[in-house]
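This report refers to the structure that appears directly beneath it.
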Amino acid sequence: MPDASPLLVVTAHPGDFVWRAGGALALAVSRGQRAVIACLSFGERGESASAWRAGKTLEQIKELRREEGQAAADALGAEVRFYDAGDYPLRESPELMDQLIALYREVQPGVVLTHAAKDPYNMDHPAAAEIALHARVLAQAPGVVGPGEVIGAPPVFAFEPHQSEVCGFVPDVLLDITPVWDAKVAAMNALGAQSHLVEYYTDLGRRRGVQASRNSGPNLGLPVDAYGEAYQRYYPQVTTELN
Amino acid sequence: MPDASPLLVVTAHPGDFVWRAGGALALAVSRGQRAVIACLSFGERGESASAWRAGKTLEQIKELRREEGQAAADALGAEVRFYDAGDYPLRESPELMDQLIALYREVQPGVVLTHAAKDPYNMDHPAAAEIALHARVLAQAPGVVGPGEVIGAPPVFAFEPHQSEVCGFVPDVLLDITPVWDAKVAAMNALGAQSHLVEYYTDLGRRRGVQASRNSGPNLGLPVDAYGEAYQRYYPQVTTELN
Amino acid sequence: MPDASPLLVVTAHPGDFVWRAGGALALAVSRGQRAVIACLSFGERGESASAWRAGKTLEQIKELRREEGQAAADALGAEVRFYDAGDYPLRESPELMDQLIALYREVQPGVVLTHAAKDPYNMDHPAAAEIALHARVLAQAPGVVGPGEVIGAPPVFAFEPHQSEVCGFVPDVLLDITPVWDAKVAAMNALGAQSHLVEYYTDLGRRRGVQASRNSGPNLGLPVDAYGEAYQRYYPQVTTELN
Amino acid sequence: MPDASPLLVVTAHPGDFVWRAGGALALAVSRGQRAVIACLSFGERGESASAWRAGKTLEQIKELRREEGQAAADALGAEVRFYDAGDYPLRESPELMDQLIALYREVQPGVVLTHAAKDPYNMDHPAAAEIALHARVLAQAPGVVGPGEVIGAPPVFAFEPHQSEVCGFVPDVLLDITPVWDAKVAAMNALGAQSHLVEYYTDLGRRRGVQASRNSGPNLGLPVDAYGEAYQRYYPQVTTELN
Amino acid sequence: MPDASPLLVVTAHPGDFVWRAGGALALAVSRGQRAVIACLSFGERGESASAWRAGKTLEQIKELRREEGQAAADALGAEVRFYDAGDYPLRESPELMDQLIALYREVQPGVVLTHAAKDPYNMDHPAAAEIALHARVLAQAPGVVGPGEVIGAPPVFAFEPHQSEVCGFVPDVLLDITPVWDAKVAAMNALGAQSHLVEYYTDLGRRRGVQASRNSGPNLGLPVDAYGEAYQRYYPQVTTELN
Amino acid sequence: MPDASPLLVVTAHPGDFVWRAGGALALAVSRGQRAVIACLSFGERGESASAWRAGKTLEQIKELRREEGQAAADALGAEVRFYDAGDYPLRESPELMDQLIALYREVQPGVVLTHAAKDPYNMDHPAAAEIALHARVLAQAPGVVGPGEVIGAPPVFAFEPHQSEVCGFVPDVLLDITPVWDAKVAAMNALGAQSHLVEYYTDLGRRRGVQASRNSGPNLGLPVDAYGEAYQRYYPQVTTELN
């Protein structure tokens, strides 16, 4: 049964899977799919300015971000694996690639979500996307030795970066996340972020919901007060029906 | 029931709906959907070189193309409306627009297919696309007076032009048409075209099928000998599930 | 004195100059510049669905839209000229062009704002942009006969369409409109539009304000609660200083 | 006072800051701003063909290029730091990044200039651009430990590559450098380059000046014999006034 | 013999075929090819500012521009046909199309040159390009009735617009016009234009020559002091040899 | 004599030079040019799934791929050098670069072919392209020390990737390979690949041949049953004649 195949989300930092893909994660969980997050770093240097300013140590900050990330994943009903691969800059390494290839083969994802290919505001984001895409291709090859069975070719979607147009992000998929909006809000609150950020991403959810409503044809009539998330495909959609 | 909403295909010439969208049409029919073709011209000047060389008159050529187009539509199980709006060049006119707005409102399509926005080999193709897109927007507005109820916002797909890359066509949807391949072949043969063209589009169907197979994830494992058609969305997809 | 040269805004419909350029208009007025709006149609067919559903006549709807547009312009402190050139579709005509050339030459604008070049949701928007750009070039030529003096080459900016990415809109200018936010709100309310639209554009103003704040260097430190509008240049910026 | 914030220019080789950004540097100096150049390599392998053909050693060539670069910087009134990071290829290294992060934090630039993101003629140019952009983001983060205070988000401009169109360079800013043209000529002559190069870049300065003149509106009427330099923004402009 | 097939150049105004394609025309003539120019308007309104300011009448200006255009064509050794179709704006009309279809069929060009598809500084340029491209396609069809034999599919090149990058012009062909540079200079002088324009286009010829030299491989070693013109193909090159 | 200058093809894996550039190689050989292939890896991990599934060892697979690659090169009449640089992932290394710089200087190619810059299906392909382009630039510099004479600036063409549009591949050159089609078939058969692949690339050869025929003007009239290969230039073409 297609719906049962797992969802895999690969992000640079803990916040990313909440702000940008929390709806997709909660939606998969609500359908009974397994949802796994590969969180490559804790965002300990680049995404923790206030903790640094408060005088915390590197280890304290990592621990804090891990706890918040775990709580957010719990709120979404998803599993999270932390790879502690370092941020600012996040770099591909043979060890990290081996771990991710093994993860792909263990999870056998039906769908993969990661960052967009370009982000001039944060070089860790495209780095994470490249790592996710490379590991996916390597995990398909029997010649790349390691535990588990090779995977198929799951579709990959980029989730929305902070400033879409400047990152070359043109959404070609608008996902209706209305049924799980409460779970996304709970996950956002679990992050311990400032309240203006929750407000900002609530606005964004409404905005993408309005657009989803305006673009939805008679086969999928959405109300105008829907909540949405925007995605962009890395590969063509394959389908047995146009809609 | 979503599947029951009709498919509308708007093309410049009779051949286009066969070579480029015949699979989608037959697939819709096989699902019990109504399938309607708006064929704006007979391709009487631009697509009928051999008939002109054989000395036929304009009226004879139109009649010939109408018969072939009707036979091809029959082979696909689709309705076809001929608008006789002239080709080489095909031009938007108030009369044509009124007719198409009325058609949209009568058919209430769930999905619309038309040409790509650019084609340096045939200016009638982008003209037909623009006409189809404008009529769709006009048919949505209560202030545009005419018979029938206003329509919603059905998704629109461009079908594949003759030389994809030169026309800026980047397929983002690969449609599996394997189950209806025989119907498409029958329609191609009904056109009375030269056999090398049928061969050419059979090759293309295989090529897009191989690509569909290579891009299909575990949720939709296609065999490598699938047949496919390529499409590009004009608007973002709206969905309740990523796949 | 540069700041004294007028601002000219060319829009397809009355709402556009409020939702998309209201801040720029109010800002110019606040600096003592003349601000003139050329509103090419009343949006009587394409933007007045509820009035049509309420059974109003074409003339009643035009009058209603004129009143709302006038009230909104008043709230911004701007002049508005209505050209009643028809909408859905809006078309270039020799008469309209002559009127606009005369307007350019009368106003002698220092800056021009209009729609983006592409909008698959509303064909009147790119039509208005093309009209505005052509009239500007024609108004520069002494050989195009008519009243007034030829103009120079004022910079032209596209304001933000409804779904930026789908319209190919990539903002390269973020305008801080915080000082005149109240005037924009007053103009939005003057339109008589549904409250959810005011909310939607308030969200957008905040979103562009946050982005302006994140992109502003030490020379222009904006607070994070700024309000903004996004623009895209049609021509390169000419400047005596990089900043 | 905004104008007092420093200008930072990051280049792969000594010639680049003269040919491509000499006007911007001299202009900043003429306004009393501090102007600092980070010259990552001496161009000792890739930009010194005649010296190699003359039989000079690597060290001799580096020394020669350093002297020329220093003389050119002097002619512009700018400070120059040489990082001797190697060319052909220039590579990012942790040491180089630490040095540049420290430089950003020391200088606290109000504006940054560097290469364009693509240059198929010289891979050191995009490498230098990436290094400059990454160091800027890292210098903003309190979690990236090192001397000095974190910086804000200064705007970044790409200066013009040798063959603009092939490098995907589309100028969105034309800078009037007429008042400092003599200083740029002096710097070009200080490089000890062949006279045809000075001629080539004099032609280019005139060409960009003519274009600046043609694009300048009434608020900034430039004479047709202006000299110009072309730039492209990496991030949207933030402004309180459209012009 | 391939070289004997004629060159056809379609331009909006008389100056265009000199500044932008004079080298290609003279080169064809020097090889014994027939070279024909279709000059669609006299540029009587948009390109004749000084004549209007001098108080000349429309007819006087047309006559002046015709004489200059004829003299320039003579200097290049090319035939010129003036179509007097009007400028500012230049518009496609059935009559003009019939004339151009007949011209294509009479000349049977081996190569066609025209404007680029985009030019925000002059709407007549893309209009002329569209007219040239449409007439070429129509002239290929036996069903488009008229005098002469249908044509094949000659390659089409866009010549360089005034501000290449802003017009989306990316040269993919650099033509060495060194052997006929004197003829181009003579044609430029025949136009009666201001001397700074001749200087401007001489600079441009040198610039494109330097680029041609830098891009020319061992099979075509150009000297650095070559003169060049830049072109962009509308259709893929077809060749029996890569070089 | 231009035709005598060698052709250099740089590929990631052995199959690539056959499927994608076999026609160009055979064509060069048929003209008496030297044709050299730099095959960077054996595709031992990423392109040998069936061998891995059959339980072969890494060394056995490399040997097998080497033999097939050698046989295919023989069938084309070309020299092949295997660099055994590893695949999945293929990485640039100082040793590999030194070897390739030496190869460029030894071969002194008149033309270079390699992969396209983007391929989301196989990260080794863009890696090989980047290596080939960098080595070419380095081989031009006297300051990059090593055996042999520096090279000029040979044109570089990307050959066709597996899914052209998704890889951003827009062919600007269609090469007529009809005269050597039999040699390409022999090379394809030498690879020991599955027969459906040979069929797939035979279809593609026909498809590109039909397109070449449709795009070829009167100077190069190709029959409709031609075979073709598609290429995209990395640098502008330099020519003494437009055609």
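Chains here go by letter, A, B, C, D, E and F, matching the order in which they are written, and residues are numbered from 1 within each.
By definition in this document, contacts are C-beta pairs under 8 Å (C-beta built on N, C-alpha and C of every residue); 3 or more make two chains touch, one makes a residue touch a chain.
Source: prediction; values computed, not measured.
Novice: Identify the chains adjacent to both subunit C and subunit E in the sense defined at the top.
Specialist: Shared contacts of subunit C and subunit E: B, D.
Novice: Name the chain whose C-alpha centroid is most distant from the C-alpha centroid of subunit B.
Specialist: Farthest chain from subunit B, going by C-alpha centroids: D.
Novice: Over half of interface residue numbers shared between subunit B and subunit F means same, under half means different, so which is it?
Specialist: Looking at both copies, the contact residues mostly coincide.
Novice: So which chain is the furthest away from subunit A, centre to centre on CA atoms?
Specialist: Most distant chain from subunit A: E.
Novice: Round to the nearest whole Å and give the separation of the Cα centres of subunit E and subunit F.
Specialist: Comparing mean C-alpha positions, subunit F is 36 Å from subunit E.
Novice: Taking each residue of subunit C in turn, which ones touch at least two of the other chains?
Specialist: In subunit C, residues 121, 166, 171, 211, 214, 235-236 touch at least two other chains, as defined above.
Novice: Chain adjacency by touch: line, ring, star, complete or other shape?
Specialist: Other.
Novice: If I apply the definition of touch given earlier, which pairs of chains qualify?
Specialist: A-B, A-C, A-D, A-F, B-C, B-E, B-F, C-D, C-E, D-E, D-F, E-F
Novice: State the interface residues of subunit A toward subunit B in the complex, per the touch definition above.
Specialist: 2-3, 5, 7, 24, 27, 31, 108, 110-111, 113, 151-155, 157, 171-176, 211-212, 214-222, 230-231, 233, 235-243
Novice: Enumerate the contact residues on subunit F facing subunit A in the complex.
Specialist: 44-46, 48-49, 51-53, 61, 88-89, 120-123, 166
Novice: Along subunit F, where are the residues that touch subunit B in the complex?
Specialist: Result: residues 121, 162-166, 169-171, 196, 200, 203-204, 206-207, 210-211, 214, 224-225 of subunit F touch subunit B.
Novice: For subunit F, which residues are in contact with subunit D within the complex?
Specialist: Subunit F reaches subunit D through residues 133-134, 137-138, 141-144, 234-236.
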